[in-house]
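Structure in structure tokens, see below.
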Amino acid sequence: MGNILSFSCDYLEGAHPKILEKLVETNMLQTVGYGLDEYSASAKEKIRKACDAPEADIYFLIGGTQTNATMIDCMLRPYEGVLSAVTGHISVHEAGAIEFGGHKVLTLNHINGKISPYDIENYMKAYMADQNKEHMVMPGMVYLSQPTEYGTLYTLKELEDISSICKRYKLQLYVDGARLAYALGAKDNDVTLKDLARLCDVFYIGGTKCGALFGEAVVIPKHGYLPHIFTMIKQHGALLAKGRITGLQFDVLFTDDLYTKIGKEAVDYANLIREALYNKGYEFAFHTPTNQIFIKLTDKQISQFLDNVNFGFWEGLEDGRKIMRIATSFATTKENVDKLIKLL
Amino acid sequence: MGNILSFSCDYLEGAHPKILEKLVETNMLQTVGYGLDEYSASAKEKIRKACDAPEADIYFLIGGTQTNATMIDCMLRPYEGVLSAVTGHISVHEAGAIEFGGHKVLTLNHINGKISPYDIENYMKAYMADQNKEHMVMPGMVYLSQPTEYGTLYTLKELEDISSICKRYKLQLYVDGARLAYALGAKDNDVTLKDLARLCDVFYIGGTKCGALFGEAVVIPKHGYLPHIFTMIKQHGALLAKGRITGLQFDVLFTDDLYTKIGKEAVDYANLIREALYNKGYEFAFHTPTNQIFIKLTDKQISQFLDNVNFGFWEGLEDGRKIMRIATSFATTKENVDKLIKLL
Amino acid sequence: MGNILSFSCDYLEGAHPKILEKLVETNMLQTVGYGLDEYSASAKEKIRKACDAPEADIYFLIGGTQTNATMIDCMLRPYEGVLSAVTGHISVHEAGAIEFGGHKVLTLNHINGKISPYDIENYMKAYMADQNKEHMVMPGMVYLSQPTEYGTLYTLKELEDISSICKRYKLQLYVDGARLAYALGAKDNDVTLKDLARLCDVFYIGGTKCGALFGEAVVIPKHGYLPHIFTMIKQHGALLAKGRITGLQFDVLFTDDLYTKIGKEAVDYANLIREALYNKGYEFAFHTPTNQIFIKLTDKQISQFLDNVNFGFWEGLEDGRKIMRIATSFATTKENVDKLIKLL
Amino acid sequence: MGNILSFSCDYLEGAHPKILEKLVETNMLQTVGYGLDEYSASAKEKIRKACDAPEADIYFLIGGTQTNATMIDCMLRPYEGVLSAVTGHISVHEAGAIEFGGHKVLTLNHINGKISPYDIENYMKAYMADQNKEHMVMPGMVYLSQPTEYGTLYTLKELEDISSICKRYKLQLYVDGARLAYALGAKDNDVTLKDLARLCDVFYIGGTKCGALFGEAVVIPKHGYLPHIFTMIKQHGALLAKGRITGLQFDVLFTDDLYTKIGKEAVDYANLIREALYNKGYEFAFHTPTNQIFIKLTDKQISQFLDNVNFGFWEGLEDGRKIMRIATSFATTKENVDKLIKLL
């Protein structure tokens, strides 16, 4: 708060103003609880249309870690584990939530946050050939995030390859879309909601980091794919009593394609910043086409910014420099982007 | 929605208007995430004062089942279980969330939702004397709710007796305050927040059912009592990214004692309804001094109400009648209470 | 040890001499591990024949609690719980092993350790009718023990009724046969191994308490019913490296019907003791047709026995007397039975 | 079985003849169950002496995976994970038993199965410095095996360095001694049982692979270090009813230092084989000083051996060759070693 501008992450503000308007407008109406209300129903119907998945089961959960832990536990049998990039959110930053549910995260190498179809296939070949495989955790699904934790994107070709390998090895495919709006809004992105619904067994459309107060919309394209999921959500403490609060947020986000618009605007702002950084000679840690930018700064450079703007710390480098994250969001304004560019 | 009035539960509407005002007012301000913001800090300070617990650790979680599962898992060692009324929320209506965390719910008889100090003591005496006790789950804590799931209240004397037995047998004491406002606002209640902070190891102040969109405030009177609880909350999927949204709701609820006022008003309305029911000869299932009323109705009576007002189904009786619940809440208005009374 | 005779339980000695002979005889032969050896194969084939279940999958685990915890975890989905008598071993004396695996034990009343078909049906009716059932643990199976923890037996009619209710409500049926030899060897017993294989989804034939050093044989009549069970057994720490040690014990027990003979002899001895107790006017706590006898003794009576013979303490009575257990086993001799009868 | 000699692993035979003698000799004596008998007491006392740990708590469990899963679950709090070599048994070959207990295995690089003190320190430095560390699994202990899964040994200096780093970072140290006899019996080994008792918080002395039918002896040098461990063992299904069967096996193994003698003899035989392999020009995959030898063979070489002797498959190499394991054990004879050497 105060006068220092922050670009450190994409959950610094509340919600898109239209969401608050809707909350205020509907506040004193009475509805049943637990997501069985008409706002949730309307939001689900809009998401089904956007995904071209008329049969899809849709549930609204509250946060990303909770959604990953609950859905992975619903999808796996006890003897199965989940394949993930070693940098995947479930592998590093969920405090062991997947293991709390009894499942092992089986890690694969990453390239800027992405796993390659080739690595999945090699893992499965080695597993299938292993004489001790019955003493090992059986891979039951692949977890990936779009965009990844590094702000990178899978292409449609890559996702189709991964999906095809998954089918061949009877692995389920799950996509974590915590920042999905910023993938959908990226210039070169060629993966649509319809593609995700066609290729994934389960995926979620992130609200928390894309303009909602909180909330993630789980999409299960095939109706009845996860039996008794309502009870599993309750068991995981992920069932909101006033379920309509999440429902109406997604109803707003999926009205007039607001969700993609939010993503596009944030990525456009990120591109302006990216261009300015490039022109002024800043060094990028790796290329990203979404709302997150990663640059290498010296401590001196970082301290010069500190009076005016906050970036997010990402990781230290061996040469003493640091990778810092600049993130735009649904709340970023042209005015603040201009301010930042002047400070560069 | 529509024209039918509902008194079926206390989470039918959104939030107290002051909460929405605050949400709107602060929406575009930037704060850090995960509850480390200034709104959360302010709310915690107000709760500490209200509880006369200046050292208390306070955390904001999202819903009741989640809070119970997380805190019970934090409080117990793996070989311990939790003593609860057989009617306790954790025993019946949390879809096995406690067992998902690896702990057994050890049940005690209830009298209208309450457990007696005597029954706890007897359980512990039998356990201590059992030659096989090392083959059994060791009771590690007592769970009770104030008000109970049946809308009844523990007296201060009862809570002090339970606390004293807990100390004698090294049992931790945990109070589920999902509807605590309606206890604090009840006429004959003599248990204050300060008493709870003095007698409990951990308790929570319910927001969801007491005027917030969602949110429960966990109070741990003794600082440092539960080490690494932040990581445990994250592991349970109970950490909100935009933590300030919960923080500022409790900041509003604990400004000018709004929390107790909400409770008092709802109980006052419940008392008006209670009086009318009594005068018209309705039969109560049991006496409750809070916002919930339980009456016995025939199917015919129920169907007569259905066009105009909804009650909550509680349980069937052997004589064919049903126990129905009438609940008031932060959102109940004098106008609707009058309407209901006319319909009785 | 020493000169005091013990009848306190049925696991006081080592193993049936024929088992030790076989152990000694085969000791230095080399076999593969993990139960894939020829002794295990032979034992499985004999059990399949005894059960008239030619397709049955059979696994050898080590102890009762382990077997129950592993199999129940294999049989249930995470949202399901297991129905059991409140006195069931899994409910009381397994230190929360079922809950450690994430499942709730849903308790039913008992009559001398047995559950009635009627109570299962009533539980299911109430569950199906409950408007909140999706917030509750879904019953997924019935657990019962034959003989029960109280030494009593289900009749074939009772088991068939239970099985039929299970089918109607899609409950799996699991029978804990820790002391199964003593059921098979009881005079009035009309439930055979073939009946168990016909009526149960899974059951186990107890070795530990029926003449083996350790070991329980899990029978899954329908081949492939529990996929990847080998990996689940490993995950539960229940896979013996030198699996043949269990295999050959069961191979001996199922050669020339030794298993039933062991049971019959022990029950015959128990019947001699029972008759003597009856004749001398001792009061039985309840009637049992198997190897366990429960009588009511005063402290004075107990202390008179203490110099010569040990009984097992079962539970205290309100009148100050104690229920004591007298158990015979594979190792009981006529000589010792006569000694005991003289002491009565 | 049959005429083919097997050197594929160290659990192909039953038990050391002295163990069987003792089993036969004591078979019909009566003792109490669950490890409270006099054989277990005697074995514990002998182990305490061998470890120079007069206060040590000692428990006998059944197998390695079970022991690791149970003890790690006893040692860690729910928010903690266990550091292990990526090749550690708990990381690869326990079917997710550690995760089943809710804990994450945090992997470190290995050099021939060993972790370096330097890597532990670097992991901890990075963890302590990580701004997101409260969102991550906290390392609570180090797991290592002596000998490692690759048959290599830690030196005393290495173990002391690791212990010292553990103390500095408040990590517990746990050593898996599944094959400990073959470390104690190795020529260049300088780590004694007393060193392990001095440096570890918990370790276990393996029986299954070192001459017992089954059984692992857990040593907790500091009395009372793990409260209620008996109940935890029961909860994990790891408590043997006839506990004396494990107790007396360790009583035999720790009489006249049989345990180390078994190890020494097997390593001496391995050294003869090693020398022969070296002289005939076989290529070793890596150097091992214990009972396991790893050599690189072509498929052709392997098939030439197949009619006469079995080796264990370890892993494939990129050049098409395979690493094969040759293991000696308590049961290896001079005669068979000579036969093998002739076949080389």
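Some observations on this one:
We just call them A, B, C and D in the order they show up, numbering each chain from 1.
FYI, contacts are C-beta pairs under 8 Å (C-beta built on N, C-alpha and C of every residue); 3 or more make two chains touch, one makes a residue touch a chain.
No experiment lies behind these values; they were computed from the predicted model shown.
Contact tally for B-C versus C-D: the pair with more C-beta pairs in contact is C-D.
Averaged Cα coordinates give chain B a centre that lies 50 Å from the centre of chain D. Centres computed as Cα averages put chain B at a distance of 42 Å from chain C. Inter-chain spacing, taken between the CA centroids of chain C and chain D, is 33 Å. Across the assembly, chain D contributes residues 78-79, 94-96, 100, 102, 134-137, 231-232, 234-235 that each touch 2 or more other chains. Shown here, the protein chains touch in all possible pairs. Across the complex, chain C is touched by residues 1, 6, 9, 11-15, 17, 20, 23-24, 26-33, 38, 62-67, 69-70, 94-97, 100-101, 208-209, 213-214, 231-232, 234-242, 245, 331 of chain D. Interface residues of chain A facing chain C in the complex, by the touch rule stated above, are 73-74, 77-79, 102, 134-138, 227-228, 230-232, 234-235. Only residues 78-79, 81, 92-96, 99-100, 102-105, 129, 131-132, 134-137, 313, 316 of chain D touch chain A when the two sit together in their complex.
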